[in-house]
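Before any comments, here is the structure.
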Amino acid sequence: MTDMITPKLEIRNLNKAFGALIATNNASLVVGQGELHALIGPNGAGKTTLISQISGELMPDSGTVLLDGRDITRLPAYRRAEVGLARSFQISQLYNEFTAEDNVAMAVQAQSSKRYNLWRNARKDPELREPAKLALAKVGLSDRGNEKVASLAHGEKRQLELAIALSLNASVLLLDEPMAGLGAEESMLMKDILQGLKGQYAMLLVEHDMDIVFALADRVTVLVYGKPIFTGVPDEVREHSAVREAYLGEG
Amino acid sequence: MNRKYFIVGVIFLILLLVPFIADVTSNSFITNMATRFVIYALAAVSLDLVLGYGAMISFGHAAFFGIGGYVVAIIGFHMDMGDTILGWAGSNSALIVWPLAMLVAAVIGLAMGFLSLRTSGVQFIMITLAFAQMLYFVLVGLVIYGGDDGLSVSVRNAIPGLDVENSTVFYYVCLALMAVWVWICRRIVNSPFGMALRGFKQNERRNINLGYAPMRYKLTAFVISAAGTGLAGALWANYALYASPDMAAWLKSGEFMAMIVLGGMGSIFGPILGAAVYLGLEQTLTAWTENWMLFLGPILVLVILYAKRGLFGWLAGSRSND
Amino acid sequence: MLQAQDVQSGYGASKVLFGLNLEIPSHQVVSLLGRNGMGKTTTVRTLMGMLPVQGGQVTFEGKVLNGLRPHHIARLGVGLVPEGRHVFGSLSVQENLVATERNDHHGHWNLERVFTLFPRLKERRTQSARTLSGGEQQMLAIGRALLTNPLLLILDEATEGLAPVIRQEIWACLNQLKSEGQTILLIDKNLKEMRHLVDQHNMIEKGRVVWTGSSQELLEQPELVNQYLGV
Amino acid sequence: QEPVKIGFITTLSTPAGYIGEDERDGFALAVKQGAGKLGGVPVDMIIEDDGLKPGSGKQSAEKMLQDGVRVFTGINFSNVLVAVAPSVVKDGGFYISLNAGASNFAGKACNPNFFSVAMQNDSYSDTAAIAANELGVKKIVIMAPAYQAGRDALHGFKSAYKGEILAEIYTKLDQSDFSVELARIRSLQPDGVFEFLPGGAGINFAKQFANSGLNKTVKMVTPLYSMDDRMLAASGDAGEGYYLSTQWTAEQDNAASKQFVAAFEKEYKRRPTVYAATSYDTARLIGSALKAVKGDVKGKPDAFRAALRKADFESVRGKFKFGPNQYPIQDWYLVQVARNAEGKLDYKPISVIAKDHTDPYAPLCKMEK
Amino acid sequence: MYMLVEQAMNGLQYSALLFLLSAGLTLIFGIMNVVNLAHGSFYMVGAFCAAAAVAATGSFLVAILAALVGAALYGFIVERLIISRLYHRDHLDQVLATLGILLFTNALVTVVFGRSPPFVAIPPLLSGSVPILPGLNYPIMRLAFIAAGVFVAIGLWLLISRTKVGMLVRAGADDSETVEALGVNIRRLFMLVFTLGALLCGFAGVMAAPLLAVEIGMGEKVLITTFVVIVVGGVGSVRGALLGSLLVGMTDSFGRAYIPIWMSQLLPPQYSDSISSSLVSASIYILMAVVLLVKPRGLIPAQR
């Protein structure tokens, strides 16, 4: 199955240890062009750690990260956005004193040549605000643009997280539990949003909610103790005994 | 918001009127007092740029204040001596000396920031403090330039067409510079650069993930702030006709911080109020009792514990941080 | 022994528990079942006072726990084996055990008994906990909780991702505890083992307990497992 | 008649605070004795702390000038004085120094409105130097803080010392540890040490000097300012054997001094230091001048100045007059710290070092009018 | 040669003082994450209490007691009233609030004990000096000070590594939430540590009193150096504090001894004097800067 897809993001033999604890254990996986690739596994399996290494927040002890075949393993985190990596966080990482629109505008401006401009008023610059409004609309937050983040509901924050990731005009989205802490309806909304994005981006999705994973994912990789023990289409995963054993719990 | 700009308007109006008030009450000390407010405000606003917006708790800004002062004093000193500074005949023109002071402060700020910004948290506080102390001791060590008790300045730097020796004129000069600097800072904090800078304060992790390079933004802000503080120092030397190491003492850095917090962090206007309040407090307390520290200390503590958003935040109401 | 009535809780803005009800009778083993992220750990943290109770009420031995600080609740006789172990890395194994050792409720746990329960810990008593394997850390966390001689023992994912052998040891130990009449709140994903152990299961979904029943009943309704555990 | 305001800026906080305290009390005593009047003119002391900071001293002065204060005194530390005095005289006020005697206003830059009552800073050290010569100290190490008075002190000493100066050490005003200096001194093996370290620093030095055992072999020849009564009390036996140069001690044998000491001890339950004494003199001097102008300093500045120049008052130092630069001409004495009858440490008079001693800058002073 | 040895001893004695002060500060810093500028004030309070006690009773032992009690008590009060409200505040607030405490304490001491510097005599059995090398005598008091430092170091080490409290303190540094969940009142623990820190300061105060002038502001003078120590040594670890104290103490004492000599050889006198005096005072800060640039978290940071 792997041979049919054109690799967009690829990691090879990645290793990462925190002291004695091995958080990533010789992990390799491929996310294809336009593929939605789910990453599941028990708490502490190393999913977030893996994402952090791809986004450059953590440096792997060994192994390589390839984007469009280019080695970006040692690229500093702040350079990875430029090459097309965008990430949403498991626990929302937002600018709490800014409005929702500011938050997205930060992402827009990060991409523009204006980002070192010391003089013009960022809040009044359409070139930064319009795209921001657009992204907010995409995730259904248009009417909340002028709210301070602090006063957003948790679900809205998760949507904002996504909006920020989207407006980085990236080609790869790393989504760490975008549904974390969402109620049923909110999860559904988020699910539809992701549904709508399918195909436009290569996405690596970390999610505990199996319904959503099985509904959305093209392929699923199961991570246990830092090691991908299996990769396959949802049905295969459902059936795979080791996976049930390690994660779903045999029943 | 409007309320906020109203407050700001009032502040500046009062500042503008000070000399007249002084005339009416025939008590020109008010003008001197106000001059000090304004100069300190200039320093505090500069520090607020890194402290309130960049979340860089620099415990070393007094260093730049001192540098600014010594640039003025040393140039003056050599000119009185009638000798040259490294071959340069020196100058008494504010238009040359003050920018020079800013430049020197900026350059030293660049070095200091570049090294300090590798650390963070407590270490950052401490290393900035360390650098400031180094400079302090260098100044104390400069026996040629008066060692412990520093240098007195014989005449103020001249500005063509203005009689700066006249305290009212000098006050307006300081006020003007302060206003301009505040305006510049406002522009900066609302510019894309400024937004990014504030991003680092609110959520460094996210900021980096969006692709903002920490060092570049923080260092730039640090240097600008150093320059501003340097200018304040230069003005102080001109006002007090005096430059001494205690301009660069660590307690001075503490005072600057106190002003910012009193006035309200991360609101360019806050520090102006803060400076006025702090100095005013000091002034009245010293006049009132020998053990004025007995009161200043607790007041400081109380403000920290209970008046989180500072005076300006309180006056301007709602959200004043921008 | 412990009662939770329509408890609301979460992390700041993000609500996790939407009115959860839970009852733990003395000398019984009670379970919390549910998929990842459904709020099991959050429930535990709320019971322990590590998260504020935003609504509803928690009582322990008739005493209201709302607003009490964790150390207070612990001293009332609640022993916690936290998810993710959280052993004290810079302490040795033995220090980890004795640092919080306590016996306010005349239980019968002491260092010796813990060491006989987990001989492996005895071997490693001087080793610093940071360097223990995951399994050993898990044992340490359990031993640490037992040495506070709790009335109620809470285990959050005590067998999480442990090698089968070690799991068996832990299950054995839990069975022994049960036989001694220890009250236990158990969170785990390993249904087969739990069936023998647990007197009463609580199925939790999106921060609510949606089903309660004995192992027997659970056996009789496999569709439940399917529905709520996604298997 | 409404009281004449006297601006009294001095150092009350910081370790040197006790100095300012003595000066304030000395001055206040004179006022008290006159029942709130000096020279029959009601006065009002406006006291402010300068925290030993030139900056804050200057601020206080300016505020007072605005409040119409014309007569200033109090400052103890020359570095503060140097910052304050110019702005005072610039606005036509009078500065009458009760201790700090910076060289700055003694020579070319002398000023008709500036008077120094205690001394010129060189004097306590050039007299110490003369004493050192007489005591047969051939090789000496000299040290002082790197600030105005410190530089004056060393300058003064060098100008009069005949022997060999092994090392000239600059310290910090508030230095607390002298182990290194002591090690250096030991390795240089001088016969004597001259140090000008007022306040805490001096106490630290004395303690550590004695503690290191050097005091057995090395003579201390210093200004009394480096071992005043309070420091002596705080240094314990460490002070024993010090040779001190001074213009006054509590044993001074004249009526004015005797009544002053008695009154001071009665009032404050402690023996006055030289700081208190010169401060008391200053008050009396001002009194004599106020009397001459009936308190109208603003109106009759020249008369006031002239009266001050006359120095027509009973100095506790016995004879006292001003030189051309309006710094004192007075006698200097050598005393030694030794056990008295009760076995307590006290100042034992040794000799008169110099009579009618003046300072080296006086000749340079060309006072206009 | 003698100079070298003597300087080494002086360095040790200085290190001992620094260690007494920094041990407490680093724990407060590392475990409670509080920047406490008022730490030096406890040292001053201790010294003044000692002085008062000596003046009253003349006994050094009483002085020690007074210093310990005085400092600890003051520390306790400060913790209860102010510090305990700062645990969850950011460093800036802590810096300023404790700055306020520092100013206040200086004034308070002035008011309570008066302005004239009090005197503390060296207790008879510690006065005088003994030969440590043939021909090199060294003051017993300073030796005693060094001894005290070593003694406290060992004591602390035992406390931290052998006692239950010590375990809890370390555990608290690792994961205070879990410690609390296991039934330990973490705030009480903090209060304890803080008071202990103050107590050590008090001890330093009484030991220093005979050697140094007991004066207002003696706290600040060492405070900053103390911060240098713990930042160099690595926040939160007593071992770090020890190492830091030694490094700083030695750097300072050798620096002050030898820099002037080297400078005078390198440069013409008119420059060498001023430059060396600056270098001397700045030396420890240079040390700190260098260390931080190589190891941003200090030499032996507490693992977390």
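So that you can tell them apart, the chains are marked A, B, C, D and E in the order they are listed, and the count of residues begins at 1 in each.
Here, contacts are C-beta pairs under 8 Å (C-beta built on N, C-alpha and C of every residue); 3 or more make two chains touch, one makes a residue touch a chain.
Nothing here was measured: the structure is a model prediction, and the numbers come from that model.
**Q** Please report the smallest number of touch steps linking chain B to chain E.
**A** So the least number of steps between the two chains is 1.
**Q** What chains, if any, are shared contacts of chain B and chain D?
**A** Chains that touch both chain B and chain D, as defined above, are E.
**Q** Skim through the chains and flag the pair connected by the most C-beta pairs in contact.
**A** Max contact pairs: B-E.
**Q** What is the chain whose Cα centroid lies farthest from the Cα centroid of chain E?
**A** Comparing chain centres, A lies farthest from chain E.
**Q** When the mean CA coordinate of each chain is compared with the mean CA coordinate of the whole protein, which chain is closest?
**A** That would be E.
**Q** Hey, how far is the Cα centre of chain B from the one of chain C, in Å?
**A** 56
**Q** What is the distance, in whole Å, between the centres of chain A and chain B, each centre taken as the mean of its C-alpha atoms?
**A** 43
**Q** Distance between chain A and chain E based on Cα centroids, please, to the nearest Å.
**A** The mean C-alpha positions of chain A and chain E differ by 49 Å.
**Q** Note the residues in chain C that touch 2 or more other chains, in rising order.
**A** 89, 130
**Q** Residues of chain B that touch two or more other chains: which are they?
**A** Answer for chain B, listing residues that touch two or more other chains: 140-141, 143, 147, 292-293.
**Q** Any chance you could list the residues of chain E touching two or more other chains?
**A** Only 106-107, 110, 273, 277, 281 qualify.
**Q** Run through the chains and report each pair that touches.
**A** A-B, A-C, B-D, B-E, C-E, D-E
**Q** Could you pull out which chain C residues touch chain E in their complex?
**A** For chain C paired with chain E, touching residues are 48, 50, 69-72, 74-75, 79-80, 82, 86, 88-91, 95-96, 98-100, 102, 130, 144-145, 148.
**Q** Once bound in the complex, which stretches of chain E touch chain C?
**A** So the residues of chain E in touch with chain C come to 164, 167-168, 170-171, 173-175, 177-186, 302-303.
**Q** Note which residues of chain E are touching chain B in the complex, please.
**A** 29, 35, 82, 85-86, 89, 91-93, 95-97, 99-108, 110-111, 220, 224, 227-228, 231, 235, 273-275, 277-279, 281-282, 285-286, 288-289, 292-293, 296-298
**Q** Inside the complex, what are the residues of chain A that reach chain B?
**A** 55, 57, 76-82, 87, 89, 93-98, 102, 105-107, 109-112, 114-123, 125, 128, 148, 164, 168
**Q** Hey, which residues of chain B end up touching chain D in the complex?
**A** Spelled out, the residues of chain B in touch with chain D are 27-29, 32-33, 36, 140-141, 143, 146-150, 152, 240-242, 244, 246-247, 283, 286-287, 290, 292-293.
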